[in-house]
Each structure stands twice: as structure tokens, then as C-alpha cells.
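Here subunit A shows up in two complexes: once beside subunit B, once beside subunit C.
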Partner chain A sequence: MASKLLTLLQNSVFIFIKDVRLEFRTRYAVNAMILFAITTLTAISFSLGPVRLDPNLVSSLLWILLFFSSMSSLSHIFVREEEQQTSDTLRLISGPIPIFLGKWLFNVVLILCLEIIIVPLFFILLNASVQGMSIFIVVLILGSIGLATVSTVIAAIISQASVKGALFAVLAFPISLPILISSINGTRLSIEGNNFSESMDYIQALFSFLVVIFTVSLLVFEFIWKK
Partner chain B sequence: MIELKAHNLSKNFNERIVFKNINFELSRGTSLAITGHNGSGKTTLVKIISGLISPSSGSVEFTADLVKKAYNEIYKYIGLVGPYIQLYNSLSAWENLIFFSRMRGITPDKEKIRTFMDKLGLRGRELDDVRSYSSGMMQRLKYVTALLHEPEVFIVDEPTSNLDAAGSQIVYDILEKQKKDKILIVATNEAEESRFGEQIINLTSE
Partner chain C sequence: MLVIVGAFLFTPTAEGLGESTRILYFHVPCAWVAALAFLVSAMYSIIYLKKQNAIYDMWASSSAEIGMVFTVLATITGSIWAKAIWHSYWNWDPRETSIFILLLIYAAYFALRSAVDDNEQKARLSAVYSIIAFVTVPFLIFVVPRILESLHPDPLINTEGKINMNSKMLVVFLGSLTGFTFLYYWILKLKIGSYQLAGVIQKKLGKD
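Up next, the complex of A and B:
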């Protein structure tokens, strides 16, 4: 049992490493994501000017930016396999769970890397600041993992459809809504400088939804992936 | 002891029946040729046997050492070469082979990889991106990826597709060896290649 689990985790890491290597060679997802985020951020910054914004508006804009930046590229993880006709190859050499875990890990790392660049830029350009850094980091990490999880499973579904791009955002939005609402509220509290305990409701909601969506994704992935 | 059994395999796409009630039993040292004209369902049958798609009815049973294996754990036992099995173009042949080896649970053996690359006439091209390979070289590399883990069941769909005479001869030698030592399944249009199957399923006549 333990050795099976170890093999499963090892194979997930091998798939993750393969995807990182492919991404370094093509830079398709990274370029799409960063260019989309920077363009949108610049447009927001120019349109709002030097006005100091309400914390509710700042947190909403941040998560709208992160959501659509994710939508611009996270589907690529499965779409690439279909477009390059390597999905059958992957089916042949691995069970479904390592494939899901490897691809999920790639999307989590990708979105966290984007945030390292975009989040500081966002606060500088919008002349805003975070008072409760610990709440902000916890909400940002949980929200990002949630978005990556939803994106991974929806990407697997839409990769076999003909209208991939439009379908991805349309399907991902309703499922991501609980993540977005909790993340926006948690981020607002961190900008206002509330105590950690005051934001626990949103953090618990985020964590609970993350556990549910991750478990459901893992269970349904086998049926999505098998033709 | 390895056994592969198909019970009443049928496949239809919507109303169209591709084939129905296919049965066979294979064990180590036996072989099967699947023949038929274009569109007769050879590739569909191969994909079902390999676990890539599900049959409409019937089942394929894979037994290793008297233990029935689920389809999500038979990939270590199967080596498949076919036009729909593509390699990662942006990776080198070497990177592809290391990835395939690790996924199948074997430690990449550099010497063994070199031996296979030599055998398939790909010496010196290990570090080139697969995108720079010709279609014939790609087909040869697919054989290396399918054989590296010494599969118990070797399945080939269109064995000599894109290969020159020398390449075809190398493949025929491989098929002869696999036929003796393992379970071999060959799907082909070429009458000459059906000689590799002790049992023959002709889908045209199904």
C-alpha cells in the first residue's frame, strides 16, 4: 500500500517535471498569463488614476485580475496534450491519478509564480497596501490553489471539445465563485488590517471548499480522462 | 504467467457497428494478427486491448501471475507502437526515453537506452529534439520507447509505417523475437505481416 502510494506520488512528480520542461521550451502558458496580467493591470491603473481605492474594490480587482489571468493559460496543461496528440501516450504509461496530480501541481506552481510578479505590482500601481500580511498570504495561497484545482479539472473536460477557450471560462466561473467570494472578502479584511481571528470564517470556507473540490476532482478525473 | 483474454468484444460508434463478438486467448509465446481493410476497426480493437478506449460490450482480461490486473495498472506490461502514440516533440529523444522509463517504474539505464538506439539505427541522435526527426526516425524511436521496459505484451499497429527497407527488416527481427518470448499482437494491412500471428482475426469478414 505504502509502496503504491510512493509510486503514485513519484509518477506525479515525473509528469510535473516533464510539463515544467515542456513549458520552459515553449513558454506558451507563462507568456500568455504574464502578458494578460500586465496588460490588464496597466489598463486598470491608467483608468483609475491616482485615486486611493476602497479596500473592497481593491480586493475585488485583484481577484478578477488573478481569475482571468488564470483562465488565459491554465487550460493549456491538458489542451497541449490533445493538440500534440500525446494524450493517448500519457494514457498508455500512467493511471489517471498521477496525471491529475502532476498537472494540478504544475498549475499551482504556475499561478503562484504569476502572483510573485503581479501582486506586488498591483499594490504599487493602485497605491494600496496590506495591513494584515498573514491573513493576506493565507488567503492568497488557498485561493490560488483553489483556482488551480478548478482550472485543472475543467481543462481536462474542455480539452476534448472543439470550442476550448470560451468553454473554459464559462465552465470555470460558476465553480470558482465560492473561491472568489471568500478570497475577495478575506483580502479585504487583510487590507483593512483586521485580526486573523476575524477572517477565520473566510479562511475556513476557502479551506473547506478547497478540500471538497480537490476530492471531487480526483474522483471524477478517471471518468473524464478515460475515453 | 501472463494471459490476455478477450470476451465477446464489440464496439459501435452511435449506430455504426465496427465489430462484434471478438474472442481470443493469448499467453506468453503466442501471437495474434489483426487484419482488414482501411476503416475495418483494427486500430479501434488495438486501442481497446491497450486500455485506451472502452468497448461497447465485452471485456479484456489481463492476468499476470494468476492475478487479474485492473486497466489502470497494466501499462507497465504493455508496449504499444502505433500512429496515434506520439512522443513529446519539444523534448529530446533521451528526455522522452527517461520520462517513459520512469513512468513505467524502471530506473533509466543509459547503457540499455544506447543499445536500443543503436539497434534501431538512431545512434548519435539521442540529444536531438524529437521535432527534428523524420517520420521514419520517429517510428524507430517509438519502438525504443515501447521496448525499453521489456513489456510482456507487445502490440504494434501498422508495424512498418514510414519505414524504409532497412528499418522494416529491423522491425521484422524485433517482431520475430517478441513472438517467441512474449505476447505479440500485430494489426496490419500488409498480407506479408500477418505471418507474425499464429491466430488471425480478419475484421473484414466479421
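Up next, the complex of A and C:
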């Protein structure tokens, strides 16, 4: 039983490394994501000028930015497989669970890399600062893993549909809403101060939703993947 | 059946605190049926994935169609009531948000169905989406209103889960709820019947 689990994890890591290598050859998804985020950030910052925003606006803008950046490129992992017609080969060499885990890991790493670059830039350009750093980091990480999870499973669904791009955002948005609501509120609280008790509600909601959606996605992926 | 439904919905004119509260008898059952339709759709989606029989997909999508209609009704009745009581059509109150998200989920479900051509794939992918989307519903309905403050009145969302309504109102309300549920079930059966008839006719036409 343990060895089976180990093989599963090993396979996921292999698929993850394969995707990372492919990504480094063309750097398509990374570039698209970072450029999109920087463009949006520039537009926001430019149009706002030197105005100081209140925490509500700052946290909303941050998560809008992150959400749309994920919408622009997190579907790449599955769509590329379909377009380059390597998906059938992938089906042959591995069971569905390692594929899901590997792709999920890739998306998580991708969104975290984006955040390392964008989030400091965001706060610098918008002239805002975070008072409760620990809450902020927890909310940020949980929220991004949530967005990555939702993106992975929806990307798998749309990779088999016809009108890929628009459908991705349409399908992903309702499911991302609980994540966005909790994250925006949590971030707002962390910007205002180090208020652990209030933000605990949101962090709990985020964490439980994340666990639930990850489990359901894992279980359901098999049905998406098998033709 | 429809007579019973009609009778229940017309008796409320005798009761209610303040004229506008009577819309409660329409609005809440609409929202309840919308959520119920979605639950039924998700259940049939699970059964479809297990048994791979196309008839379950028919149940799932019919239930979703009806659910969409009721969600729109719930949103509109809620909005009208909001204008009457709180003097604004839309406030992003947690419950309002949840019903709006339900609307989005239904719209996304039908967008997905229209984007996939192959029937078996369509059924499979929309079943999966139905299940995933259904996971978010308990969160939106129960978790969010507990955390954030809500404009919706207390009998509906108090933390003990009790119903503190005037007993007369309660009777009529429950009757309306039951009536709406029967209405939903009746329409669902009609839909399934008509789809099956269409299938039979198609087969006969195909043979000729």
C-alpha cells in the first residue's frame, strides 16, 4: 500500500518535471502570465496615480489581478497537450491520479512564482503596505493554491471542449468565487492590522474549501481524463 | 396538483406582517427549488458517471434547466422584495450573492454543454462540472452568511437553526414550499417524458 502510494507520488513528480522542462524550452505560459500581470498592474497604477487607496480596494485589486492572470495562462498545461496531440500518449503512460497531481503541482508553482514577482511590485506601485504580514502570507498561499486547484481541474474539462479560452473563465469563475471572497476579505484584514481572530474565520473557510475542492477534483479527474 | 399549488399560494393574502412580506411565500420556495434542482442534477450526474447510461444525463440536464428558471425567478423576486423593504435593488448581501453565483453556475453548465459536440463527452464533462460546482454550493449557502453580516431576516439564518415564525405564517409557508417542490417534480417528469418521446420519434424517423 505504501509502495503504491510512493509510485503514485514518484509518477506525479516525473510528470511535473516533464512539464517544467517543456515550459523552459518555450517559456510560453510563464511569459504570458507575467506579462499579463505586469500590463494589468501598470494600467491600474497609471490610472490611479499617487492616490492612496483604502484596504478594501487594495485587496480587491490584488485578487482581481491574480484571478485574471491565472485565467490567462493556467489552462495552458492541458490545452497544450491537446494541441500538440501528446495527450493520448500521456494517457497511455500513466494513470489519472499522477497526471492530476503533477499538473496541479505545476500550476501551484507557476502561480507562486508569479506572486513572488507581482505582489511586492503591487504594493510598491500602489503605495500600500501590509500590517499583518503573517496573516497575509497565509491567505495568499491558501488562496493561490485554491485558484491553482480550480484552474487545473477546469483546464482538464475545457481541453476537450471546442471554444477553449472564453469557456475557461466562464466555468472557473463561479467555482473560484468562495476562494476569492475569503481571500479578499482575509487580505483586507491583514492590510488593516494583525487581527488574527477575525481573519481566522476566513482562513478556516479558505482551508476547508481548498481541501474539499482538491479531494473532489482528484476523485472526479479520472472521469474527465478517460475517453 | 396544480390546483393545490394555486390554492396554497393564494391564501397568504389573509396574513403577513406588512403587505410586502407576502412575497416571502414565492421568493423562498423559488430559491429552495433552485437549490434542490441543482442538488438533483448533481446526484444524477454522479449516477451517470457510475452507470454510464445516457438517461441519467437527461435527468441531470432537465433538472438543471428547471433550476435555472427558478434561480432567475428567485433573483427577480428577491430583487423586487429588496426594493420594497431595503429600498435598493441589489446589495451584494451574502444570500443575494449566493443566488447570483448559482445563476452563474447554471449558465456555465449550459455553456459547457453547448461547447462540446460529441454526446458522450458532453454528458461526461457536464456531469463532472455539475459535481464540482455543487461542492461550492454548501459553502456559499451556509458558510458565507455565518461569517459576513447579512440583510436577510433572522428566522432564515439564525445560528441555532430554529424557525421563529408566527405559526399561521409557518403553515402557509411550509405549504407553499411543498407546493413548489411538487411543481418542480411535476415539470421535471413532463420534461423527461417529452425528451423520451422525442427520442422515440427520432428513432422511428431514422428507420424510415
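Assume the second predicted complex is superposed on the first by the 226 of 227 C-alpha atoms of A that agree within 3 Å, B and C clash if a C-alpha of one lies under 4 Å from a C-alpha of the other, contacts with A are read in each partner's own complex, and residues count from 1 in each chain.
Assume a contact is a pair of C-beta atoms (placed from the backbone, for glycine too) under 8 Å apart; a residue touches a chain by one contact, two chains touch by 3 or more.
Being a predicted model, the structure only gives us computed values, none of them experimental.
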| item | value |
| --- | --- |
| Touching partner for A:Asp88 - first (subunit B), second (subunit C), both, neither | first |
| Subunit B versus subunit C as contact partner of A:Leu171, first or second or both or neither | second |
| Touching partner for A:Thr26 - first (subunit B), second (subunit C), both, neither | first |
| Which of subunit B and subunit C A:Phe223 touches, first, second, both or neither | second |
| Subunit B versus subunit C as contact partner of A:Phe209, first or second or both or neither | second |
| Residue contacts with subunit A in the superposition, subunit B compared against subunit C | C |
| First, second, both or neither for A:Val153, with subunit B first and subunit C second | second |
| First (subunit B), second (subunit C), both or neither touched by A:Leu9 | neither |
| Contact residues of subunit A, present in both the subunit B and the subunit C interface | 227 |
| Subunit C-touching residues of subunit A, taken from the complex the two chains share | 153-154, 157-158, 160-163, 167, 170-171, 173-175, 177-178, 181, 185, 201-202, 205, 208-209, 212-213, 216-217, 220, 223-224, 227 |
| Touching residues (chain side subunit A, partner subunit B) in the complex | 7, 10-11, 14-15, 18, 21-22, 25-26, 84-86, 88-89, 91-96, 222, 226-227 |
| Residues of subunit B defined as touching subunit A within the complex | 47, 50-54, 72-73, 75, 78, 80, 84-91, 95, 99-100, 102-105 |
| Touching residues (chain side subunit C, partner subunit A) in the complex | 49, 97, 101, 104-105, 107-108, 111-112, 115-117, 121, 124-125, 127-129, 131-133, 135-136, 139-140, 143-144, 147-148 |
